[in-house]
Structure formats: C-alpha cells, structure tokens
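Listed below are the structures to be examined.
Below, subunit A partners subunit B and then partners subunit C, in two separate complexes.
Here is the complex of A and B:
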C-alpha cells in the first residue's frame, strides 16, 4: 500500500466517519482533526516517487486505469484538504449547533464535504484520462450534495448547475472518445507522444471539447451563469469550500490536458486565418473577459454571498489568464492565485456567514456599523478584501503582480489593461462589501449583536495569518508551484523567500512589507508618543451637515452604490448572457416539442410513408441518373 | 457685564498646557508645534449667506489659499477652522454650534461679513442671531458686506500669524467659560437645549476645566438633559449586555 493509497483510504473511510460522528459537537472536532491527519498524509507523499503511485490498477475495455499524484495535482490537493479542514472547524462549534437546531443535517454537510474532498483527491491523482473522467464526474456530483443542502434558492441553482455539469461532462467524454480514436491510447505519456501526428482538424475538435468541458466547471465566459447562485446559497462552510477551491478543478484539468497532453507546440499550432488568431489568444481573451465582466456584475449585487461568488468567477479568469501566458512567471502567478484566492475567499465567506449567524441577513442594504460589535470579523473581512483587491502586504498582491508583470514582459499590453480594469472593479466592489456590512451607521436592530463565537473567529484568524504570512513570504508557496510547473512541462519560476528573483522582474515582499510597516510605524510613533489622544464618541455625535441625528433616522445610505458608474456601464452588459442562455433553452425546447409533436401525431404512419417515399425517390433518382 | 463689554474684552492669552500627560518635552516643541499648526489648516465652510460667494475665488487659482497651506475639508472632525459666512438664523445657529462642538481641538472660528459681527442688514430680523461670539468664541472677524477675497486672504493670514504666536486660543475659552456660552444658547433656544456632544467631559479631557466651566446654566442643562438613544459606539467583545434571544 503506497502513501497515496493510504491517503485515499483514509479519505474514503472518513466519509463514513463523517456520517456517524457529525451529529455531535465533539464528533465534529474529531472530524476536523481528521482533516489535519489527511493534510499530514498528503505531506508524506513525495510526488514523482513510488509513494505517489497507487497500487490499485485495472483494465477498462483494454485501457489501463490507475492513479498517480503529480506535483501539479499535489498543489491543488494541498489547498483542497487545507480549506476543507478550516471549513470543518468553522462549522464544528456554535455554527453547527445552531444550524442543526434549525434543521440543517450536519451529517450530510460533513459527509458531503468529505465526499467532495475524496472525489477531488481522486481527480487530482488521476493517472490517465479514464481515471480523470471518473474523478471529474464524481467531483461534479459531489458538489451537488453541498448545493442541495441549502434548500430554497439553492435548489434552483443546483438544478441549473447539474444541467451545465452534465453538458460539460458530455463534452469531456466526447473529447475522450476522439482522443482514443486519434491517438489509440488514453495514457498521458502515449497521448502526449502521439498528439504531434494528429491532424489539425481533429486536434481542434479534441482541444475545444476538453476546454469547453473544463471551462464549464471553471465558469469561464460564457459558461459562468450557473456558478454564483449555486455557490452562494449553499450552507456557510459548504459555500466557503465550494467558492474557495471547487471551481479550480477546471483549471487543474485545463492545465493538465492543454499544457501537458496537447503541449505548448500542439497548442500553438491551433490557429485561424493564417495564424492571425490562435486558440491561446481566444482563451486569453475569454479569461480576460471572465476577469472583467463578472467583477462588475459583482459590484451590482446586494447579497454579500452573491457578490463574493461573482468575484469567484472573475478571479477564475485571472488564474486562467496567468496560466495561459505559459511563461514561467505568468503561469506561476496563475497557480499562486489559486492558493491565494482560496485562502481569502474562504475568509470572506466565513466572515459573511458569521454576520449572517449573528444578524440573520447578508443583505448589504440591511447591515452597517457592525465594526463596533464584531471587530474580529471585521478584521478578517478587511484582511480578506485587501487580499482580494490585490494590495500589499497580503498574498493576493503577489500573484496579481506576477500576472501583470508577465503580461507586460510578454508583450500583451491590451490584456494588461483588461486585467487592471478588472482589478479596479474588484477594489470598488470589495469596498462596497466592507462598507455596507461593517462601516457607517449601526442599525437599531443590531444594538445587541455580539461577536461571532471563537469556533468561527479562530479559523478566520488562522486563515488571515496564512494570507499575511504567504503575502510577506510567497517563497513558502512558490516552491510547490515550481514543482507543479515542472510537472506539466512549464519552466519553473525562479523564486526566493520574499518573492521573485528573475530576469522577467523582481519582487521582494519582505522589503515591501518592511517599508510599508515602517511608514505606518512612523505615523504611529508620531501619533501615540507625541501626545496624540483618541476619543470614542456616540454614534449620534456625527456630522450630517449639522443635522441633529436620532437613532430611528437613516443618515447613511447604501442602496444603489456607485450609482453613477452603474448608470454608465449597465447598458453594456445587461442580461447579455442570460439572454444567450434563454435563447439556447428556447431552441432546445422548440426542437423537443417538434420531436414530441411528430410522435404524438394521430396518424404517424402517413408521415413515415411520405418520408420513405421521398427517400426512395431520391435514391432511385441518383441510381438511375 | 454688558454685551458690549464682552465684545471689547480681550481674551486672556493663555499658553496651551500639556494637560498632565507628563510629557517632559511638551514645552520644548511649543513654538515648532504652533508654527506647524499655522501652516496646515483645513477649513469647514459653513456657508449660511451671501458671503459664501467670495470664497470660491479665494480658494481657486486667482487668490489660491492653498499656497498658504489652507484647504477645504468635508467633515468637522478633521477640520481646524470653522468658517461662517453670513447671517445665522436661530435654526442655523443650532447646527453651527453642533458642528463647532464636533470639531477636534484646537479649533478656530472665523466670522465673515457684517452679519456675523452685529447682524448686519438683518439687525431687525426676529430670526437672526446678531453676534456670533455670544454663542461660541470667534477668533477673527472679517467684516464687510461682503468682504472681497483679498480681505478673506488677509484675514486668514492674520489667523495664521495669531496661531503661530499662540494667541488664537478662543477654543480654550469655550471650555473654560462654557457656562457663559451655554447661557446665551439657552437664552435663544430655551432651557431644554442640548447637543449630543459632552463639552464638560472634553474640558476635563483637555485639562481646561475651570471654575467658570460649570454654573447655573450647566446645572439647568444637566436637569433637562436626556441621555442619547441606544447605539453607543463601543467594542462588543466584553459585552455585558443582554443578547437578543
């Protein structure tokens, strides 16, 4: 039994344990510890050695099927298990007790989480295209368990999700069949070797089928509509887990198939109109638009969960953008963004669900001023949005810097501008999130709100530490990324503990953070040591143009945030993709009712006779002519 | 003491005290602090009347008060100067006083136009407060109907000079003789008048509590004062409050 088998067995047994133990609070803490065990087991696996090779192998229709964890999959697996552990801890204490009391099945939630982790581990350690497909389908259906738990809106979202997921799965299956036909194998190495001899037309078809299938999971435009509601309306920890890592399985698969199997040369050969546009450009621009449009849709949301989930779509665009630059710096930036994004998206969703836990709402028009009641949750969200907005010293800055830098040095100025526009939207909308939830006027009904319990704040604070530490010392993560890059045939990034040290550009976050804190430090010394005093005032001792404030009067408005900007940009994207989706639904509906109409004819025999006569006539015409 | 004598009375010049912070360097930097303070002033414009029209030219490129280190500010908490440009009606005056009390010390008041000095052309109006310095200490008046931007700039330069010499101490007077100002305010607004700010506590905070801070008027205030409604801003971590079920 290899190390990988041990990990997968523990993960599989853990599903059963989750179903048994999650009912009690103590059991939930034991299950959290179980994730720590899986994390430790993962770290005992050295990718590329015998330990990473599963002993389980069998043949399916003469094709060998097996599992082997590469450094690329290991990197994603590390994030998956880590985030799942934090989510399990978050729900273990008061959150679980309260929500179990209101009818949410903790057994299903915890088992669902572990099923997701196990399915993802199977996907990430897939050793060939068949096991990849098995893992892919398991992951898709596992996600559905968590979405269905939410009830209400979540059910509609889950239905939409499963339609998209099945369509994506079909595309991947078709790609699989075509690959087998064109290369005669489904093993990574053999496919990669045979791909050079595949005709361009077939290669186009294979690549498009795979990319579309994986892009559905990744929610790349125009396949993104399912994701925000499906992730947003899952129960708290499930939403944090799905939002943080689930969609990145698409990026993993794209990286594996496009970069490792089809290869950079094969990929570059896919071009249109005498090499004016190639598939890489199309993917880059799809990624860029995915980074921009959902970000501005996020800005429009009034539900904090939806706002964050729309950002999930947008940040996925960043990751694909980075990976598809395919140079060492950019692809490392894209992969680093997977890690970074997972950490702060989990924090942000945890903070939002902590607010929901205390106030019962995530409506950004019904909150405000909570910083005075929930300071730790505020701090968590603050650190999270600094990360999401990509500002130093948090880790989001490093990955975004790498993508920017790489776009500039690789000669893609328009894409650079596009990513900057996306970041602008991110900064604006995360400010809306923080402002409407925590700043401004505290509402009368939230007078007695308390800070979230420690079982929820401690996981948030620990993740904040991760965000900060990996922001100051990105080298801690970049080591794993360099290995992952090597595993899919990219040039590993040259890194140091503080960041990047290469010809393409240098970044030392230790210095940047030092200078930043020196600036704050000088300010703090001037203020606190030279007589600066602070005074806490009553909320109604506030300036509203000299108006005398009372508690029942709203003097701070959060509705229709960024009205001016929205007025300018709304016509550009209003409902475009909803329109496209409903047109597709209508077309399918029309075709199926036409088919049904045919079979429900009172006398179909007549039509069969007419059809047959026409065909016979046509055949005879040709035979005689 | 009649009103006239009050107007003519020179405010006693007092050196700002360190306030018992035990900072042994406090006096060493007094001149430097005063100089720096005079070169970085933010104005909150409380534009009540026609004099406001003279401020845009004073602010913008022609007279450009920013070259003196003076620029506009949007909230009283960050502002140094409260600029009142014209007549103050009884209703407006309440807002002006609230705004003044919300400013952090040291703070300075400039009254622009004759209306703030003596009611000006509204002298006979039943609804206009005649003399601003009855209700709050005014550091500088810029008289005229209306004063030209040159006069505004000259006035601002005079205030800067007063601050640099440590003579613009009207704000201390408000704490030291709060009872006097509150008396005038109560005369106009009635004895139930109150603002959300706590001037007496601030007087103690700044070490400016004197035997004229309290008096019959503050006694009246404490009699009629209603506590502010819920929603006091404080950290909720050590919450001893009841929690909603």
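Here is the complex of A and C:
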C-alpha cells in the first residue's frame, strides 16, 4: 500500500467515522483531529515518487484507470484538507451544539464535509482522464450534500446548481469521448504526445468542451449565476468550505487539461481570424470580466453571505487570469491566489457566521456597531477583508501583485487596468461589509451581545495568522507553487522568502511589512504620547448634526451605502446584465421559432436550393482560392 | 549598503517628507490667499495648527479603533515615504515599486475609514462612502497611467524609472515621451488630492457633513499630518514618473512644488461637483486621454 493509498483509505474510512461520531461534541473534536491526521499523511507524500502512485488500478473498456498525485494536485489537496480541518474545528464546539439543537444534522454535515474532501482527493490524484471524470462527478454530487443541508432558499439554489453541474459534466464527457477518438488514448502522457497531430477544428472542440465544463464549476462568466446562492445559504462551516475551495477544482482541471495535456503550443495554435485573437485572449478576458462584474454585484448585496459569495466568483476570475498569462510569475500568482483566497474567504465566512450565531442575522441593514461587543470576530473580519481587498501586508496582496506585474511586463496593460478596477470595487464592497456589521451605530438589541465562543474564534485567529504570515513570507507557499507549475509544464517561479526579486520589479514583503509596522509605531508614538489626553465616551453616547440622539433612534447609514456610485452605475447593471439576459432569451426564442419554421415550412425545396448553392459556392471558392 | 546608512535613510525620508509637506500646505494656503486677495498665513502657520490641535483640552475618543484609525493614517504614509526615491536616498524603493506604493497609500485611507466608522456618526459614514467612491473615480485613470509608465520603462521599479530618465536627459522624461499620460495623471492628481471641483468627500467648508465630523483635537491634528504626507507623496510620485525625478535637492524640490501649483491654482476656479458628477468626469476625460496615451506606449 503506497502513501497515497493510505491517505485515500483514511479519508474513506473517515466518512464512516464522521457519520458515527459527529453527534457528540467530543466526537466532533476527534474528527477535527482526523483532518490533522490526513494533513500529516498528505505531507508524507512526496509527489513524483512511488508513494504518490496508487497501487489500485483496473481497466475500463480497455483503458487503464489509476491514481497518482502530482505536485499540482498536491497543492490543491493541501488547501482542501487544511480548510476542511478548520471548518470542522469551527463547528465542533458551541456552534455544533446550538445548531444541532435547532435541528441541523451534525452527522450529515460532518460526513458531507468528509465526503467532499475524499471526492476532491480522488479528483486531485486522478492519474488519467477517466479517473479525472470519476473524481469530477463525485465532487459535483458531494457538493450537493452540503448545499441541501441549508434548507429553504438553499434547496432552490442546490437544484439550480445540480442542473449546471450535470450540464458541465456532459460537456466534459463529450470532451472525453472526442479526446479518445482523436488521440486513441485517455492517458495523460499519450494524449499530450498525440495532441500535436490533432486537427485544429477537433482541438478547438475538445478544448472548448473541457474548458466550458470546468468553467461551470469555477463560475466563470457567463456560467456563474448558480454559485452565490448555492454557497451562501449552506450551513456555516459548509459554506466556508464550499466558498473557500470547492470551486477551485475547476481551476485545477482547467490547468491540468489546458496546460498539461493540450500544452502551451497547442493552446497558442487555437486562434480565430489569423492571429488577431486566440483562445487564450478569450479566456483572459472572460477571467477579467469574471473579476470585475461579480465584484460590483457583490457591492449591492445586503446579505453578508451573498456579498462574500459574489466575491468568491470574482476572485476566481483573478486565479484564471493569472494562470492563463502562462508565464512563470503570472501563473504562480494565479495559483498562489487559490491558497490565499481559501484562507481569507474561510475567515470571512466564519466571521459572518459567528455574527449570525450571536445575533441571528446576516442582514447588513440590521447590524452595526458590534466592534466593541465582538472584538476578536471584528479583528478576524478586518484581516480577512484586507486580504480580500488585496492590500499589504496580507497574503491577498502578494498574489494579486504577481498577477499585476506579470500583466504589465507581459504587455497586457488593459487587463492590468481591468484587474485593478476589480480590486478597487472589492475595497469599496468589503468596507461596506465591515462598516455595516461592526462599525456605525450599535443597535439596542445588540447591546449585550457576547463575543463568539473560543471554539469559533480560535480557528479564525489561527487562519488569520496564516494569512498574515504567508503575506509577510510568501516564499513559504511559493515553493509548493513552483513544484506545481513544473508538474503542468510551466516554468517554475523564482522566488525568495519575502517574495520576488526581478529586474522588472521586485517585491519584498518582509521589508514592506517591517516599514509599515515601524510607521504604525511612529504614528502610535505621535498619537498617544503627544498632546492632550483623550477621553473615551460610551459607544451609545452620540449625536448627529448637532443633535443628541438616544440609542433607540435609528440613524445608521447602511442602506444603499454607495449612493453616488450607484446613481452612476445602476443604469449599467440594467444595461448590461438585464440586457444580456433578455437578449439571450430572445435569441434562443428566435432560434427555436426559426427551427420550428424550418420544419413546418411549405416549400422545403427553396431551402435545399439555397443550401446547395452555398455549399457549391464554398467549394468553388476553395478550389479557386 | 551599510545597515546604519539604510536605517538613517528610513528615518530621514519620512521626516523630510513631513517638513516638505508642511511647506506644501503653506504654499496651498498662500496661493488661495493670493487668488482671494488676502495676505495669507505666516510661514510657520501649518506647524502652529498641528501644535494647537494636539494641545487641545477636549480630545473625544469613540473607542480604540477611532484612535487606531489615526495611527494607521499617519503610519501608512510614514511607511510609504520609504518606497519613494528622493535624491541621494532610495530607502527600500527597490523592494516595492510603483504598484506596491499605490496599494500602500490605500492603507491610510482604510485607517481613516475605520476610525470614522467607529464614531457611529451617519454623516461621517456618508463622508467615507463618498471618499471611497472618489478613490474609485481617480484611481481608474491613475492605474492606466501607472500601466503606461511601467510598460514604457519596462519595469515597476521606481529607482530604475528615475535612472532611465536621468540618463536620457530631458527628452527621455516621462512627460515628454508620454504627454497624454502625463496630462491624465495631472487630472487624476486633482481628484487624488481632493481639490475642487473634486473636494466633496473632504467637504472642508462644512465639517459636519464629511468624514471629519467626529475628528477634533489630535484626531484632526493627525489627519493634518496625513495631509502633509499626502501632498508630498502625490507630487513626488508625479515627479518620479514624469519629470525625471530629482538630480539634486534643488531641482527636485522645485519640480515637486511646481507640480502642486497646477491643482492648487485650478482648485479655486471651480465650484464643487457632486459625487456622481465627479465619477462621470474622472471616468471620461482622463480615461480617454490615458487610453490614447497607452496606445502610443504599446506601439
């Protein structure tokens, strides 16, 4: 039994244990420890050695099927198990007890989480396209378990999700069949070798089928509408897990198929209209729009969970954008963003669910002023939003910086501008999240709200430490990324512990963070040691416009927070989204009535004549040209 | 470089920035006075103001975050100055570059936003909502400018950008090579500094409806210090990107002050735009100029 088999077996047995033990608090802590065991087992696997090769192998319709963990899959597996462990710990204590009391099945929640992890491990360690497809389908259905647990709105979202997932799975299956037909194999190495001789048309079809199928999971525009409600309305830890890592399986698969199997050369050969625009440009721009539009939709949300889930869609755009630059720095930035995003998105959703745990709502118009009541949760959300907004010194900045610099130096300034527009929107949106939850006026009914229990704050604080430490020393993660890049045929990124050293522009986060904190120190000395003494007033002792207000008068500014901006861009939402949606509906309508007309028409001979003439013209054109 | 030398630079760069910034505030007031036919304040007035604000007896704090917002607002700029090369001192400019600087200067804004947020004054929150919207307005043309400059010089390293301009002489200055981007940058600068017609988010004339509403005493004093840094950072960054940086302190300071004269003089010619009009203005003209400029850079 190899190391990989051991890990997969433990993960499979853990499903059963989860179902048995998750009912009790002690059992849930044991299950959290089980994730630590899986994490340790993963670190005992050295990708590329025999240990990473599964001993289980069989033939399906004459095709060998096996499992092998590459450094690329290992990187995603590390994030998956790690985040699942934090989510399990978060729910183990009071959260689990309270929610079990209100009817949520902890057994299903924990088993569902472990089923997801196990399915993802099977997907990430797929050794050929068949095992990839098996893992893909298992992952898709596993996600459904967690979504269904939410009940209510979540059921509708889950139904929508599974329709998208089945459609995506169909596309992938079609791509699989075409690949087998065109290359005669479903083994990675053989497909990669044979792909150069596949005709351009077939290659286009294969690539598009795979990319579309995987992009559905990744929620790349225009396949994104299912994701925000599906992830937002799952129960707390499930939402955090799904939001943090689940959609990234799409990125893993895109990276594997596009970069490793089709390869950079094959990929570059897919161009429309000579070399004016190619598939890479299309994907880059789809990624850029995915980074921008959902971010500005997020800004309008009044439910904290939905706001974050919309950002999840947008951040996926960054990852694809980085990966598709395909140079060493940009693709490393895209992959690093997977890790960084998983850490801070988990924190943010955990913080939001901690607020829900204490106040019963995530409605941004019904919260406010909780900073003094829940300081640790506030701190967690603050660190999370600095990460999500991509400001130094948190890790989100480093990965975004790598993507930015790569776009600038690779000569794609418009994409750089697009990605910064997305970041600016994120800054606005996350400030609204923080302000409406923790700042502004405290509601009277929340005057005696307590801090979240330690079983929830400790996982958040640990993740905050990860966000900060990997922000200051990105080299800690970049080593794994360099290996992952090498595994899919990209040039590994050159890095130092503090970041990147390059003639085209360096980044050393150790120095940046050092001077930043030194600056804060100087600011603190100026503020606290100089001048008169400050007098602290009570949180509810306030006034506005010169009038004293009592705390039972509502004057929190939260609804339509960016009124000036919305005044300007609201027509665009109508102009773009709603226009595009209605255009799509009428296009489908027109096509179906045209098809109907074609079958019901009185005079088919005319159409046959038109068709024949067109074909003859085409043939003559080519014969003469 | 010897470590003692580096430490000296890291201490000196923010200090110089603050002192120069004080004179920039003074210049701003003097220009306003001249245009309005007043005498204007004495030379040390900006310093007196800071001392007065810090020395006030009533210092109302709405909580730890209110205090820490001011610490972040000042501290963020102190850190940013060490990334901005000046004659004879590069500090840690080579370890960051222009993109890092752009994002580092958002830290003070975030600090201000956090501090104002804890005050629980709806007018303050409205001010922050306007300030962040304004940031979205002026940063879009500004990143187009940054992208163009970085592509033109082939690097995001500010030290390298200065070195290339100084080696090539006047013809190689960013402003000569990329006049459209330089113009777009000037436009963005007007918004970045919050000068008329783009001063709605500071709303200095009616303090009760802006982010400053709960800021008195040393809270306002801290923000005054932040303003000195802000003026310095914006003008020096512009000089670095477009006007060849500084060969020596005399030309460097002359250029830095000269850059600020433009927005400061223009400011008093305009009324105030509403937030949405500011967006419309900054998303139109400087963006068009910037994009055309970008086409010239890439070809």
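Here are a few things to note about the model shown:
Basically, the second predicted complex is superposed on the first by the 560 of 625 C-alpha atoms of A that agree within 3 Å, B and C clash if a C-alpha of one lies under 4 Å from a C-alpha of the other, contacts with A are read in each partner's own complex, and residues count from 1 in each chain.
Just so it is clear, contacts are C-beta pairs under 8 Å (C-beta built on N, C-alpha and C of every residue); 3 or more make two chains touch, one makes a residue touch a chain.
Because the structure is a prediction, the values reported are computed rather than measured.
Annotation: superposed three-chain arrangement on subunit A; subunit B versus subunit C shows a clash. Once the two complexes are laid over each other on the shared chain, residue contacts for A:43 go to neither subunit B nor subunit C.
Look at A:607: by the touch rule set out above, it reaches neither subunit B nor subunit C. Using the contact criterion defined above for the overlaid structures, shared-chain residue A:411 touches subunit C, although it does not reach subunit B.
Using the contact criterion defined above for the overlaid structures, shared-chain residue A:519 touches subunit C, although it does not reach subunit B. When the shared chain is aligned, no partner comes close enough to touch A:454: not subunit B, not subunit C. Once the two complexes are laid over each other on the shared chain, residue contacts for A:550 go to subunit B alone; subunit C is not touched. Once chain A of one complex is fitted onto chain A of the other, the partner contacts of A:579 are absent, as it touches neither subunit B nor subunit C.
Which of subunit B and subunit C touches more residues of subunit A is settled by the count: it is C. Once the two complexes are laid over each other on the shared chain, residue contacts for A:536 go to subunit B and to subunit C alike.
Look at A:434: by the touch rule set out above, it reaches subunit C but stays clear of subunit B. Only one of the subunit B stretches 21-29, 57-65 or 165-173 carries C-alpha atoms that clash with subunit C in the superposed arrangement, namely 57-65. Residues 369, 372, 442, 530-531, 533, 535-537, 539, 542-543, 545-546 of subunit A contact both subunit B in one complex and subunit C in the other. Those residues of subunit C that touch subunit A in the complex are listed here as 10, 14, 53-63, 65, 67, 70-80, 82-83, 92, 94-100, 103-104, 106-107, 110, 113-114, 117-123, 125-126, 128-130, 132-133, 135-136, 139-140, 143-144, 147-148, 150-151, 154-157, 160, 208, 217-218, 221-222, 225, 274-276, 278-280, 294, 297-298.
Residues 18, 21, 23, 26, 46, 75-77, 92, 94-96, 98-99, 102, 195-197, 202, 205, 228-237, 239, 241-244 of subunit B touch subunit A in their complex.
Subunit A meets subunit B in the complex at residues 369, 372-376, 442, 444, 447-451, 530-531, 533, 535-543, 545-551. Taken together, the subunit A residues at the contact with subunit C in this complex read 368-369, 371-372, 382, 386, 390-392, 397, 401, 404-405, 408-409, 411, 413-414, 416-417, 420-421, 424-425, 427-428, 431, 434-435, 438-442, 498, 503-508, 511-512, 515-516, 518-524, 526-528, 530-537, 539, 542-546, 555-558, 561-565, 567-568.
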